[in-house]
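Just so it is clear, A, B, C, D, E, F, G and H label the chains in written order, and each chain counts residues from 1 on its own.
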Amino acid sequence: MTGTEDENIAARSGGDADWARLDLDRAGRTGDPEVIFGAGKTPEQVVTLLRQLGQRHGDRAAYATRLSAEAMTAVAAELPRARIDEVARAATLGPLPKPYGKVAVISAGTSDQHVAAEAALTVRCFGSEPVRINDVGVAGLHRILDARAEFDDADAIIVVAGMEGALPSVVGGLTGTPIVAVPTSVGYGASFGGLSALLGMLNSCAPGVVVTNIDGGFTAGVHAARIARRRPA
Amino acid sequence: MTGTEDENIAARSGGDADWARLDLDRAGRTGDPEVIFGAGKTPEQVVTLLRQLGQRHGDRAAYATRLSAEAMTAVAAELPRARIDEVARAATLGPLPKPYGKVAVISAGTSDQHVAAEAALTVRCFGSEPVRINDVGVAGLHRILDARAEFDDADAIIVVAGMEGALPSVVGGLTGTPIVAVPTSVGYGASFGGLSALLGMLNSCAPGVVVTNIDGGFTAGVHAARIARRRPA
Amino acid sequence: MTGTEDENIAARSGGDADWARLDLDRAGRTGDPEVIFGAGKTPEQVVTLLRQLGQRHGDRAAYATRLSAEAMTAVAAELPRARIDEVARAATLGPLPKPYGKVAVISAGTSDQHVAAEAALTVRCFGSEPVRINDVGVAGLHRILDARAEFDDADAIIVVAGMEGALPSVVGGLTGTPIVAVPTSVGYGASFGGLSALLGMLNSCAPGVVVTNIDGGFTAGVHAARIARRRPA
Amino acid sequence: MTGTEDENIAARSGGDADWARLDLDRAGRTGDPEVIFGAGKTPEQVVTLLRQLGQRHGDRAAYATRLSAEAMTAVAAELPRARIDEVARAATLGPLPKPYGKVAVISAGTSDQHVAAEAALTVRCFGSEPVRINDVGVAGLHRILDARAEFDDADAIIVVAGMEGALPSVVGGLTGTPIVAVPTSVGYGASFGGLSALLGMLNSCAPGVVVTNIDGGFTAGVHAARIARRRPA
Amino acid sequence: MTGTEDENIAARSGGDADWARLDLDRAGRTGDPEVIFGAGKTPEQVVTLLRQLGQRHGDRAAYATRLSAEAMTAVAAELPRARIDEVARAATLGPLPKPYGKVAVISAGTSDQHVAAEAALTVRCFGSEPVRINDVGVAGLHRILDARAEFDDADAIIVVAGMEGALPSVVGGLTGTPIVAVPTSVGYGASFGGLSALLGMLNSCAPGVVVTNIDGGFTAGVHAARIARRRPA
Amino acid sequence: MTGTEDENIAARSGGDADWARLDLDRAGRTGDPEVIFGAGKTPEQVVTLLRQLGQRHGDRAAYATRLSAEAMTAVAAELPRARIDEVARAATLGPLPKPYGKVAVISAGTSDQHVAAEAALTVRCFGSEPVRINDVGVAGLHRILDARAEFDDADAIIVVAGMEGALPSVVGGLTGTPIVAVPTSVGYGASFGGLSALLGMLNSCAPGVVVTNIDGGFTAGVHAARIARRRPA
Amino acid sequence: MTGTEDENIAARSGGDADWARLDLDRAGRTGDPEVIFGAGKTPEQVVTLLRQLGQRHGDRAAYATRLSAEAMTAVAAELPRARIDEVARAATLGPLPKPYGKVAVISAGTSDQHVAAEAALTVRCFGSEPVRINDVGVAGLHRILDARAEFDDADAIIVVAGMEGALPSVVGGLTGTPIVAVPTSVGYGASFGGLSALLGMLNSCAPGVVVTNIDGGFTAGVHAARIARRRPA
Amino acid sequence: MTGTEDENIAARSGGDADWARLDLDRAGRTGDPEVIFGAGKTPEQVVTLLRQLGQRHGDRAAYATRLSAEAMTAVAAELPRARIDEVARAATLGPLPKPYGKVAVISAGTSDQHVAAEAALTVRCFGSEPVRINDVGVAGLHRILDARAEFDDADAIIVVAGMEGALPSVVGGLTGTPIVAVPTSVGYGASFGGLSALLGMLNSCAPGVVVTNIDGGFTAGVHAARIARRRPA
């Protein structure tokens, strides 16, 4: 998620971009798409980087995350072939990889939708098929039991939750599929910006629940896709 | 839980105890039993205080909490009419009040048993009937659903849990009865001595869940008994 | 406080709302009103949800909390039968339930008024009668003693305080009525956004004091109303 | 990791154990072994639980973790067919499952060996083959590069590290295999019992690194085995 | 509270002490006694330092604080003219200064007695007269009102309290005398070793309440004595 | 700093103010001025409260603290006899008390000037004479030594410092006068909003240093004035 | 970074500046430039201070750090001979010292560029030659190995990193040159404003890595320049 | 500080050690001695590792740190040519390097002596000459000024302090020599195990002060020696 300083990009591309960094080697190593971490970048920087990647790696997806509204507008205007996902606050350019396996992305409410959408889109960009399961809250057991059929078929499960972060424990009690828990910053007062959900998930009494950073939809998506895409086609 | 300095006790009782403190007025104000907070007191201090209270208030219960193993042994040896609850780490002396209403005390596992037992005994000493519901963990939904019949009849519910502290949220989604959540210090690593469970419960997505200090079985028992004993006999 | 994703609402109502979540089943389970958690929702979302609930459950109250000024304005303009409580930052629509019992809501100063008002309105929406007792600070003992007559008659007591959060301990020393303490984010410096008051209340030396999240007027109101409404009419 | 209260065990086994809890249903649901969480249990409790599970589920492994030295001695003396892993502080009884796939368990030094060994044994008990790769520290790049061949063949990678917790980031830069990072409590001063390593891993700049609780070798082993055992035999 | 390395002491005294440090100049600057901070010193070191100070400054008090039981025993055996205060865990040697003014030392219960006694003895050693007022808890308003007559005559007030640390706010509402609040480490769970009381006192709503470190009876005693001894004889 | 709700004020004054709180009794008890805590109050509220106090207690000062720029402008416009201190962000109305004794207010740089000015003005309003000593930083020993003559004559010393909060320790090594340390929120990064300075001051190695909340110039001023005004005229 | 109050400046310069502080003596003591800490100063204050220093110490550099965009604009307009470094957010005026030795400044990505640029400019102002090495991330080992030749020649190394702060450990494993690690506030969620990187660096397993405050480019630059400039010319 | 797993050592040495790890390559890279981090190792492990290093690298020093009393006794008994430093809790074996330059190690009192001694011995082992300056506390300015002559001649300065950690700021105001600050865990209450000193040093107002982990005498010694040994002989 760190990057190549501008002179390096300039040197490699013959261009003049002088403010960003892309790890052009990682994809070759890992089979993953090129990723632009949009936080802290100007709309112009995001557009330029996406364009460069699109020109240089036309056969592979470029994926820009954590975009501001302004950056999404600029990408839409300048790169008509880019696809914008406003909920995920992200953009993709170029052909997405053929998906292998399935990843269930479970979340409770609208507050967590940005993180869940980022996780789902990341799953797709890293080569698997996301299946969104919404409206599943820890205070509504019947809905969780209903959803079980939906996630039993998945190769990996991502559970997104804020506040007390209890949902992964409940889901984890119902399945032997690998689970990744994503705490969100949704809450107030003693949620301390997601710390409550983070600690809750780290201490889950369900076995095998692993955790990402707060609002770590991207991390969860990468991890889960790498699990799921191992499934033979 | 604070106390009368020794000279006061000495003055009132004509004795020579010089190390402790009992709030002799509270019970008159509130209808509650006399309570001795045993933490940090020697076995001798606990025995003397229980004996004094027994002599002075023979018609009412005296209740000593947070006793060490040594203090429980000393009380058993010196005060044969005292009742020891080794799991709750507590002792009572004198007639318990007539119980009104019921309080369900729900917990998951053996690790939380001390806190749950303290909550249950406190409920009893403060004038209600505790009903223990064990073996209810957030990772086992069917057991929770089974337990629902058991707690639907209660006037108040105490939920005791460590680790991620998610159980009150799940129980809270099933009932309109007042719930008190008790975080325990059970866990390791990022449970930080119960902080994880405490934060989880404070951020519960189930409406109306209130919380005690970590390992606050006594507080929960007092609160819940005061709710339940309002039920007409 | 979590909710049904928009497609679900749409499916159930035949409408087109696609961004929110309402737990339509909880009320049936608990006797509570429908609640819309307004934080993070647009004015349009709040209006639409209130309208839907009003149409579907005309015999029961809908209650929207944590509204922005814009949301309150929009509700007032679009739903003339809605009632706005600007101090509580909330709105209600439809008939409130018949109140049973009384809940005293004690607070010290104007800084805590939003949280105290939310607690009081929540008490009313969940079926009990709130009684506001203002101007009670821990540094003014005579006022507290004066207020005692006012809260001795209550079925439950909510104490709202910021800064050091000491008020519940003082009130708790005067009564045997169940007390819920609400820490507020009022303060500066080492109040750390309400952490000081939260810790103070969790460590109260008065027996039976239970605590909500910081600024948790809603939680306190639900809990206290559920206690008080048990009183026979 | 929570458990069945004693009366349940008693009911099922006809015995009189009254202090423990085993989730006898989970294995049926997930394909996992029976697990006894040994922390806080007496040697007698551990022995009794292992014996019961061995009798009831002779065709499946029972696995007891976080055992004290006394508990390991007692198990060795009472259950001669049990296998003790002193470094992992664990015991197993009964046939281990046929392993599918491979999990690399990477650690730096002797200080982290207990956590790494617990992770490896857990991998084995949950149905995959652990491959230990030791002596890999972030301050020794050549050793990491050497180890690459060893972990490139794995289906999942567990990286165990204390202090600054940087090793998963370095490993993550070299591979597209799913990585689980385990922070350990090894360190002093501002490591704050593993908090430093935990935060470092949560903020890893390498994509897709997920994290367990501090000293969470068991969690990592479960998660990784569930990934690896999906590999067709 | 820091100190002179042994060679310095040796140089000054012609002796052979080689492990400690005494600020021999401070007293001349401030009128205060010589102080030995006993924490982390062996009984032998404490005895030697007290003896040296007694020989060199026979006209002034030497005051050793934070002594272990072993150190108190050694001082009693080796220095028969020393006075031991077992509750304050301290010893004095040589003539105490003539006291000026009065300092009220208010505390609630036996748990805080060590800190209150250290504060009181420090007041005496630094030249004022301590007046102990015990059995004053925030949950017992009438006792506080009774105590008012006792502390209204003081030149400074020290209030010692653990748990929620609310007592200074209540006392501060009744008086215009300077108040120093001392948080103690008494409590459990979310008292976090005195952090709860410390934060509570720092956020006191009573004007002019200043605070010491946790268990800072020595600091409070020095500060209050310096206030009180300004009173003309 | 808490207050009387508006209806109370209205009742007492026959007026219609309905939003604020003033402790009209404290001054009688303590000899202190009336104080309006301006944070969170509108300019209109501040003006009305000051006017009411001025009318009712014309013989005594009213003192409004923590005023916004808007509130200061409004006070200046509406109450021409009020005095505005823009650095202290405060206003006074009516005759200040005759000052007794002196309080030195020591600070290092311009960043701390608001807090130091609030401390100084508070000293004056509570009946003593402040003496400002600026430009004294812990990294400039000669300036501290120069300032010694200036603060040796004071009855109490207030030391204001941000960042590492070391200045009180250095000053405390030079004097036997009572010292109050005020940590400020000046700093960045790991100063954590003044936490670093707060902890530094609480752990001062100089004896007798007591501490206020972060940015607690008001508290320090009240405490120090109460010390200094005891000096006979 | 603290300073001389305005009256002092006025006295020394015959001017009328009354709001700032400069330590005019330090440079004489240390050979360092005059530094103006721009945070919290108005553009006018920055300009005036720079102009004064330029007039008084024309033979030495003045260096203003942490400038707002407005301050940089004002300096450029008012002091045409000043040099602005927009990335470092700083300005210099007057001749820079002759540089001795070299300091490598290593950073990973564009997010850290402000801190790295401030470190580099500070190195230059304090008398050494900075060499920027960009695009070095912990997840890209080959780039680090490539950079080794670049930093092996340096007299000191500054490593700037956010997120998990692992880069100094990796660099430290490759060299015996003194290393200063600078954690940055770059990151999200559980990076907690740079705390994660700070703790990671403090716990580095590479020997001899010392650390600055979060975003402490200035501190690192001063320390490293003082090392490097010792090299004989 | 990490290490080679036993099998590696065994493979390289033909021996049978099976529990430890030594980075045999680092010294060749950096010119530093071999270091054994003794914490968590048994006396036998320490002895064996020291012996192996002594045999393999007889021309270079081996240095074992953080030894328990038992380990020091074992080393003294088994390796008569080893030198034990009981205050530093360390042992060395083999010829120390020729020292270049000087490092002043400043500390205040006996409590910090272990950390200061470890820093000094580390300086010596890494090739420079330590000069101990004791009895320098922030509350005693004259002693600091006296010590100035002693440290002005040094190539680097290490300042060791606990409690508020203010000493580096005072020293830093007097010199332009590179300073490394070492916070110690000395203190109580809100020192939080050295956190107070750590934060104080990170926020030092003196320019160029860099910081180690709590009790990081080893880190400081390595860093300072690497600075000082650059001085031409």
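In this section, a contact is a pair of C-beta atoms (placed from the backbone, for glycine too) under 8 Å apart; a residue touches a chain by one contact, two chains touch by 3 or more.
No experiment lies behind these values; they were computed from the predicted model shown.
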item: Co-neighbours of subunit H and subunit E - touch as defined; value: F
item: Minimum number of chain-to-chain touching steps separating subunit F from subunit H; value: 1
item: Over-half contact-pair match to F-G, picked out of the listed pairs A-D, E-H or F-H; value: E-H
item: Chain whose mean Cα position lies farthest from subunit F; value: D
item: Of A-D and C-F, whichever chain pair has more C-beta contact pairs; value: A-D
item: Rounded Å distance, subunit B centre to subunit E centre (Cα mean); value: 36
item: Approximate Å spacing (C-alpha centroids) for the pair subunit D, subunit E; value: 50
item: Gap in Å, rounded to a whole number, between the CA centres of subunit F and subunit D; value: 57
item: Multi-chain contact residues (two or more partners), subunit E; value: 1-2, 26, 108, 137-140, 163, 173-174, 189-191, 195, 198, 202-203, 205, 213, 216
item: All pairs of touching chains, each written as two labels joined by a dash; value: A-B, A-C, A-D, A-G, B-C, B-D, B-E, C-E, C-F, D-G, D-H, E-F, E-H, F-G, F-H, G-H
item: List of subunit E residues in touch with subunit H within their complex; value: 1-8, 19-21, 23, 25-26, 39-41, 185, 193-195, 198, 213-216
item: Subunit E partner contacts - residues on subunit F that touch it in the complex; value: 1-2, 26, 29-32, 35, 155-156, 173-180, 198, 202-203, 205, 207-213, 216, 218-220, 222-223, 226-227, 230-232
item: For the subunit C and subunit E complex, residues of the former touching the latter; value: 108, 137-141, 144-145, 163-166, 169-170, 172-174, 187, 189-192, 195-197, 199-206
item: Subunit H-facing residues of subunit D, complex; value: 108-111, 134-135, 137-140, 142, 163, 186, 188-191
